[in-house]
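Before anything else, here's the structure in question.
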Amino acid sequence: MLVALSVLIFILLRLAPGDPIDAYINPSSPMSASDLEVLRDRLGLDQPLPVQYLAWLRAALSGDFGYSIQRSGVAVLPLVMERIGPTALLMGTGLAIAIVLGISAGIFSAVRRNALPDIILSVVAFVGISSPAFLTALLGLYFFSVLLRWAPSGGMQTAGAPFSVSDVLAHLVLPACLLSIGHAALIMRYMRASLLEVLNQDYVRTARAKGVREFWVIIKHATRNALLPVITLIGSTVGIAIGGAIFLESVFNWPGMGLLLVNAVGTRDYPVIMGATLVIGICVILVNLLTDIVYAVVDPRIQVS
Amino acid sequence: MNAPFLSVRNLTKHFAPTAFSRGPVVRALQDISFDIARGQVVGLVGESGSGKTTIGRSLLRLIEPTSGEISFDGIDITKLSAGPLARQRRKMQYIFQDPFASLSPRMTIGQILTEGLDIQSIGNRRERRARAEKALAAVELPVDAYDRYAHEFSGGQRQRIGIARAITLEPEFIVADEPVSALDVSIQAQIVNLLRDLQVRLGLTMLFISHDLAVVEYICDTVIVLYLGRIMEVAPAAALYARPQHPYTRALLSAIPSLDPLVKQGRQVLKGDIPSPANPPTGCVFRTRCPVALDACAGIVPPLRATSDGHLKACIRDDIA
Amino acid sequence: MTITARDPTVDPTAAPQTKGPLRRALDRFFENRAARAGLLIVVPILLAVSTYHLWWPFSPNAIDLRAINKGPSAIHWLGSDGVGRDVMARLMQGGRISLLVAVCSVAISIVIGFLVGAVASFGGRLVDGTVMRFVDLAMTLPPVIFLLVLASIAGTGIAPTILVISLLSWPVLSRMVRARLLELRERDFVVAARGMGAGLPHLLFRHGLPNCIDILVVYATLQIANAILLEAGLSFLGLGIAPPEASWGNMLNLARSTVVLEQYPWQWMFPGAVLVLTVLAINFIGDGLRDAFDPRSDLN
Amino acid sequence: MRIKTIARHLAITGLLLGGLATSVQAQGAKTITGGFDVGPGGFPKNFNPLAATGGFTWLSTYFEPLVIYNAELTELEGDLAKDYTVGDDQLTYTFNLVQETWHDGKPFTSKDVKFTLELARNKASGSLFAARLGDIASVDAPDDRTVVVKLSKPNGSFLSILSQVMILPEHALAGMPPETLATSTWWSTTPVGTGPFKFNRYVSDQYVELAADDDYRSGKPKVDVLINRYFESPAAAVAALRAGEIQFTYVEPDDAVSFKSDSNFKVIEGASYVVNYIGLNQKVELFRDVRVRQAIMHAIDRNAIIESLYGGAAKPANCGYVAPHLLPEGLEPYAYDPAKAKALLAEAGWEKINGDKPITLLTYYGSPQAANVMAAIQSMLAEVGINVVPRVVDTPTYNGIVYKEGTPDWNAFAMVYAGLQNGPNPAGISPGLNKSQIPPAGFNTMRIEFDDLSAALDAALGQTDPAKIDKSWQEVCKVMNKDLPWATLWVANRYGVASNKLRDFVWTPAPAGGPYAAHPERWDIQ
Amino acid sequence: MDAPILSISGLRAVFRIAGRDIAAVQDLDLTIGSGETVALVGESGSGKSVTSLSIIGLLPKKIGHIAEGSIALRRRDGTVTELTGLDPESLRKVRGNDIGMVFQEPMTSLNPVYTIGEQIAEPIRIHLGKSHRNAAADAVRLLAQVGIPDPDRRARQYPHELSGGMRQRATIAMALSCNPTLLIADEPTTALDVTIQAQILDLLAELQAQRGMGILFVTHNLGVVAEIADRVAVMYAGRIVESGPVSEVFTRPRHPYTAGLMRSVPRLGQATSLKAAGTPLPTIAGNVPSLALLPKGCSFAPRCAMAVDACRAAVPPLFAATSTQHSRCLRWKDL
């Protein structure tokens, strides 16, 4: 799977016009061809594609993902590893907020089906789903950072300040909240639909027939079952979340995978793109695995081995 | 007597897990053999998991059997390729249990009834319509049903449409898979009467599948009793109801609640659950619930052998007949 | 519950009207308030966008260097942009492009998605396994990354954007179609058709397609909304519709500049509002369609 | 289970409070934070001066070259070289070095200079200067404070090139094989320079932090810490500037406008030294006729564009230069005259050459302003009957298209909207126009093969008499003005915005970021 | 004599469908004494399940409600509570406590994500206030009582790990967990195989003998009624058309619908002779009417061979054919 992914990316990359050396040339203060030859030689970009790929694969299998072309002296693996943390932090926080908000709003909405609070929540959720991530990010940045100065305008830490948790949190809050908007809305819609469906199930009627309090009927008997499709949804949104994170990371200058990739694609930094895509692929696969495990925990009918 | 119209030999079906999933092998059918003579109605009776539907579908090759032969008028359909099979299918039709699931909600009754003619490229549009309307009349539905959708009909009416669909192709053989078990009691008898009437009028050969021995009695000439993928007993209907020989058949007959409130006692209740077909008992599959099982029952699979008056039974005990 | 619509003990001779499932779904759709509101928003927007050249004096690419960055006025209802182009005209033209991109990409991804899903579900286990692995691969690739790479190959412009968006969106659909068809394959009426000797094309187009129509229609509407957002996102990253061609996405892109964000809000607020409104409305419609197609909604 | 959750909550709260406590402690250090690598002159995340194609504004705060332009970019002055002399043959350069110590305390000597120049000439090190320093015949260090460089042939650009060669410490790098230098982590972890600030740390993709070098030869820097923050876009930097998180950044012209009225900020304006032009691919049939090229010049209302889109902050260019000393008398001004443009096109038979078929106008400029400019150009050219369609691509794509070896698809870049450095060294435009520079040899990507232009350029490049040098470049200008290898547009200004808190802050929008004598040691903050 | 366990009178349950009120059940009177099993029998749409849901107050909230009538329940402590009009909280305390309920589909009526033991223990904790541990022990004991072998292990298993028969035993255990005075069994054996059905019927009879609760047994299967019930009420189109002791109703039905139903049920051994004679099976003509389109007068009249004009004029009242047997037929005497 990962090999297939790497082949795909490799081919895609080589199909794209411009190579890393082209990225080096500033068209308004260009360099001579012989200057460029130096770089091309060193990177082995003149060899046939299969040879280049196999060389990359052989090195990658032994754990060597090469060096970034655009950043002197930076090996790909540590560079990529360094970025996982921030992205995981941003996405994790954003998704956590989204999950908590989305699920509770979904439950509330389903229970109050078609009542005013449900309609309001649903409309809000629809607006959330319908707003482009980058627009909310831009506006959020402008209002909360530039105008109100409630939060830093970007980055993960205050430049020059020693590392501190509160500093990172201060930088995290705004982008994480903005990231959560769309996801919360989506989760809420799914949760609502799923819960409404579950509420029609026989076992919910059984629970009521047992005299379980309505609150516990919803929370204990219905919600856990209603969560199942939502878990699948959350698992499959991780890919999308990485996408949303790209917008946010570039607007908020968050030093994560998305930003790294956007930069790497912009400079045709092949080793970094390959490394980062693979790591993202692994993460997605891991998240799917995690989803399966969570699913199995929630649903005893599924067995994981 | 000439060769049987339909002949099943050593039919076995195992549902193996798919290439991308895991799970146990389900032994749905084990070594099933029986014959049906032309114009005969054979009842196939058994509880859930006994493999009734698997047999029914295998006969029409809607399920590919794992091994075994199915000869239809002398042709082994398990070996037919797609083209001849498609032609062969004109002669064999299926009636389904659930009158709600068996009719496409997106097609009018007319489309449903002419679909087979369409697939088999029989007749032009007008002729197809005429045949469909004839079928509607045969199942006692008004002709104006032709342009309606299935959802407008009640369960009994839908089952009539299902029967009409089966007869538009003028088949020689019909598998009726629990055609009345989803219907209300007062409707069940109507459909059984209809099927019986059509069978006689059109000279159909039929395999009638049911879980209820009482329903089978009226329509069937011969009854096959199935348990966990194996045949327990085969007998002419009259003989089976009068003198059931296999302990399972007896238990089954005894378990049917009697309408007479005064006859409550004397019922023999089987102990335990039906074992999973994924893990059937060794030897006689019924031995775990059999009131008269012996130690020897675990040792061998009892062969299906003939006893008196056309009976076949798969039980090693002759002393309890 | 025994009183359900599953129990239509209506005497057919007594009930005069015969409505197909599509008609009934439409009826239910029109009873949905949110969906009606969605239509009420989308239809005028569609009308305006498709006819603006007939009634609006400005053309979207006509510059006027003497009137740059002017706010809304009687002449330029929605103001003018950085080269004095009329924002209203660009908004309309941008709508045309955005909607064109969305509709075309959805159409393409529907064809691909349906065929892939159909082949997987009816093609046997081996084909199914292989195809679904491929779909998994396509879904493992985080969309925006795929998109970045694809867009840098295909370049910017309408056709590449359509291509990129449609290539991105089919896997989800093909999964849904596959799931539906796998289930459908076991349904009695399909078994009946097989029993009558039906081949693959018959099963696919006489049973598969009609029974996927709800998935396709709902997917199409929701995906159109999604595609509009994707186009906007792509254009935002500079990978979608390139200026001077207008699209809602690249008009919104102007908001990146603090000056525009702050001092010329009409340049991004109107496209932003129209975009959100349109996507919202289409989502309403899609949701309405989903409910309308849901057979259980008969219950209520 | 519940107790466990409570415990976890407590732990998290504790962590947060602890974090707050650490951040509360005030920092006494005077700090300037800026976006020094924002904009066209920057090269963020590159730490290796040998591989730099930009970013010299920042690199020169902790590294130093031998010679450096003054802040006005008019003249070269000594930096690590106290002074220098050039032999009459224009082949021998003698540099007298200043007294300075490396940041790690080791003395700076002529051996370091010799080491650096040799390293820079060595292809294996991945140095981008290898070819440009190819004229060096020898480097000698007769004593600790003197370096003598001999060239194999005269090169008018030599000192200009040297100004970008940052001198590196021999004692730190000599031990590493040159091949490993390009991938060494030394550059971003423990680099050692001679500049007023010394490298402190790099927080990946976030910022670089420098600390004052207390024994800097021109005096201890006034601020303790200098921080360069990285931004994804100028807009992000502007947000940070307005949020008060940084004190300086490059800004787009549009943004500069809004800062002009803000008393908290000072807008720094300067010529970009980049001439913008419409490149006309000479391999394409379309632009062979000079009348077509003239028509394009007449069709574009450059003054109107400068007035409205640049807010007046650009000079129209009628050849590759706008600097007064490079402009000869009697240049054709190519005034806006659409009627004349139409007439010229008709004369040239444009209907037959192309008519109204769309022509792609390729560019790598992705800024909103460039989009506006291209929209204006598209509209103006459409007026006279030339149908162009702008296409914005990223830099590698652009280069991939225009540099493409083998047989490029000429139609993919019939026209480009581009810029080329035309100063401070006027020789900068030669590689883009000289026929000897057609790829793969150089970057005459428009494949201009005008003999008279090439002759004029070669003459100017070979001119070693300082007195005649301006005259030679004026000749180049004259030929360009006549032949119109490009449709030259203008040289625009670029902007930086600094907080009013900054004192003695110097910034110039130099191409590639300079370097220029910005004297960071004098920068101060209130 | 004690008050009956359950006493329903004049019950009318109404559904609002497509803007119209449709009575799913009307004029329903029913009593169940302690230790008595009353069967409510009818075809789909006859209103039998609506009746059972009305008793425990679980008609679908949005569309269904009890329009009139009274439902009085004798509770474990001997007090009699009127269930209609009871506030939701008090009603909740009755459900699962004084009334146990067993549904048709043992698979879907058990929550798939909780263990059997947990689901049985839940009402014990709620209504009897027992601790988790005690309730769990009770659950195991109840499982043993309903004849599940190895109850300790089964209590820790999830519904999908049990066979259909076992699941239904588990739901019975759940319904009986608080020792209710009334057990409502809504088609409890319909989804089961006949051999398993026989086991469950025996189990119910045995449990009733032990505990003496009243059972309301809802079913469409007349054979099952004959097996288990003391008295039977036959429903058709929302009304009881005939009621009385099973022995009387089944030997001498006093309503043409009951009679037709009895005739349609295939009886073992009889069909063979019919077939030999070439006679079709006896049937009731026509289809079950929709509740939305009920004919005026007797709902059964359109299908009834004995119908006279008076039948179509007004809904016939219940006539007392004997002291215990009632029929809603004008011509009950002619049967």
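Order of writing sets the labels: A, B, C, D and E. Residues in every chain begin at 1.
Note that in this section a residue touches a chain if its C-beta (ideal position, glycine included) is under 8 Å from a C-beta of that chain, and two chains touch if they have at least 3 such contacts.
Keep in mind it's a predicted model, so treat the numbers as computed, not measured.
Asker: Could you give the fewest steps needed to travel from chain A to chain B through chains in contact?
Answerer: Graph distance in the chain contact network comes out at 2.
Asker: Under the document's definition of touching, what chains do chain A and chain D have as common neighbours?
Answerer: C
Asker: If you walk touching chains, what's the least steps from chain A to chain E?
Answerer: Contact-graph shortest path, chain A to chain E, evaluates to 1.
Asker: Count the C-beta contact pairs for C-D and for B-C, then tell me which is higher.
Answerer: When the contacts at C-D and B-C are counted, B-C has more.
Asker: Suppose each chain is reduced to the average of its Cα coordinates; what separation in Å results between chain B and chain D?
Answerer: About 85 Å separates the centre of chain B from that of chain D.
Asker: How many Å are there between the centre of chain B and the centre of chain C, using C-alpha atoms for each centre?
Answerer: Centre-to-centre distance between chain B and chain C: 47 Å.
Asker: Centre to centre, by mean C-alpha position, how many angstrom separate chain A and chain C?
Answerer: 23
Asker: Starting from the mean Cα coordinates of chain B and chain E, work out the distance between those two points in Å.
Answerer: For chain B versus chain E, the centre distance works out to 32 Å.
Asker: Which chain C residues sit where two or more other chains touch them?
Answerer: If we look for residues of chain C contacting two or more partner chains, we find 7-10, 152, 256, 258, 262.
Asker: Of all the residues in chain B, which ones touch at least 2 other chains?
Answerer: As it turns out, chain B has residues touching two or more other chains at 154, 157.
Asker: If you look at chain D, which of its residues touch at least two other chains?
Answerer: 233, 239, 242, 393-394, 397
Asker: Okay, in this complex, where on chain D does chain C touch?
Answerer: My answer: residues 233, 235, 238-239, 242, 252, 254-255, 257-258, 301, 304-305, 307-309, 366, 368-369, 371-372, 374-376, 378-379, 390-394, 397.
Asker: Given the complex with chain B, which residues does chain C contribute to the contact?
Answerer: That would be residues 6-10, 12-13, 15, 18-22, 125-126, 129, 132, 187-189, 191-199, 202, 206-207, 210-211, 213, 295 of chain C.
Asker: Please name which positions on chain E make contact with chain B in the complex.
Answerer: 43-44, 163-166, 193-199, 201-202, 220-224, 226-227, 246-247, 250-251, 260-262, 264-269, 271-272, 274-275, 280-284, 287-288
Asker: Would you tell me which residues of chain B are touching chain C in their complex?
Answerer: That would be residues 18-20, 57, 60, 62, 82, 85-90, 92-94, 96-98, 100-108, 112, 115-116, 119-120, 142, 144-145, 147-149, 151-154, 157, 165, 169 of chain B.
Asker: Under the stated contact criterion, what part of chain A meets chain E in this complex?
Answerer: By the definition above, chain A touches chain E via 201-203, 205-214, 221, 224-225, 298-301.
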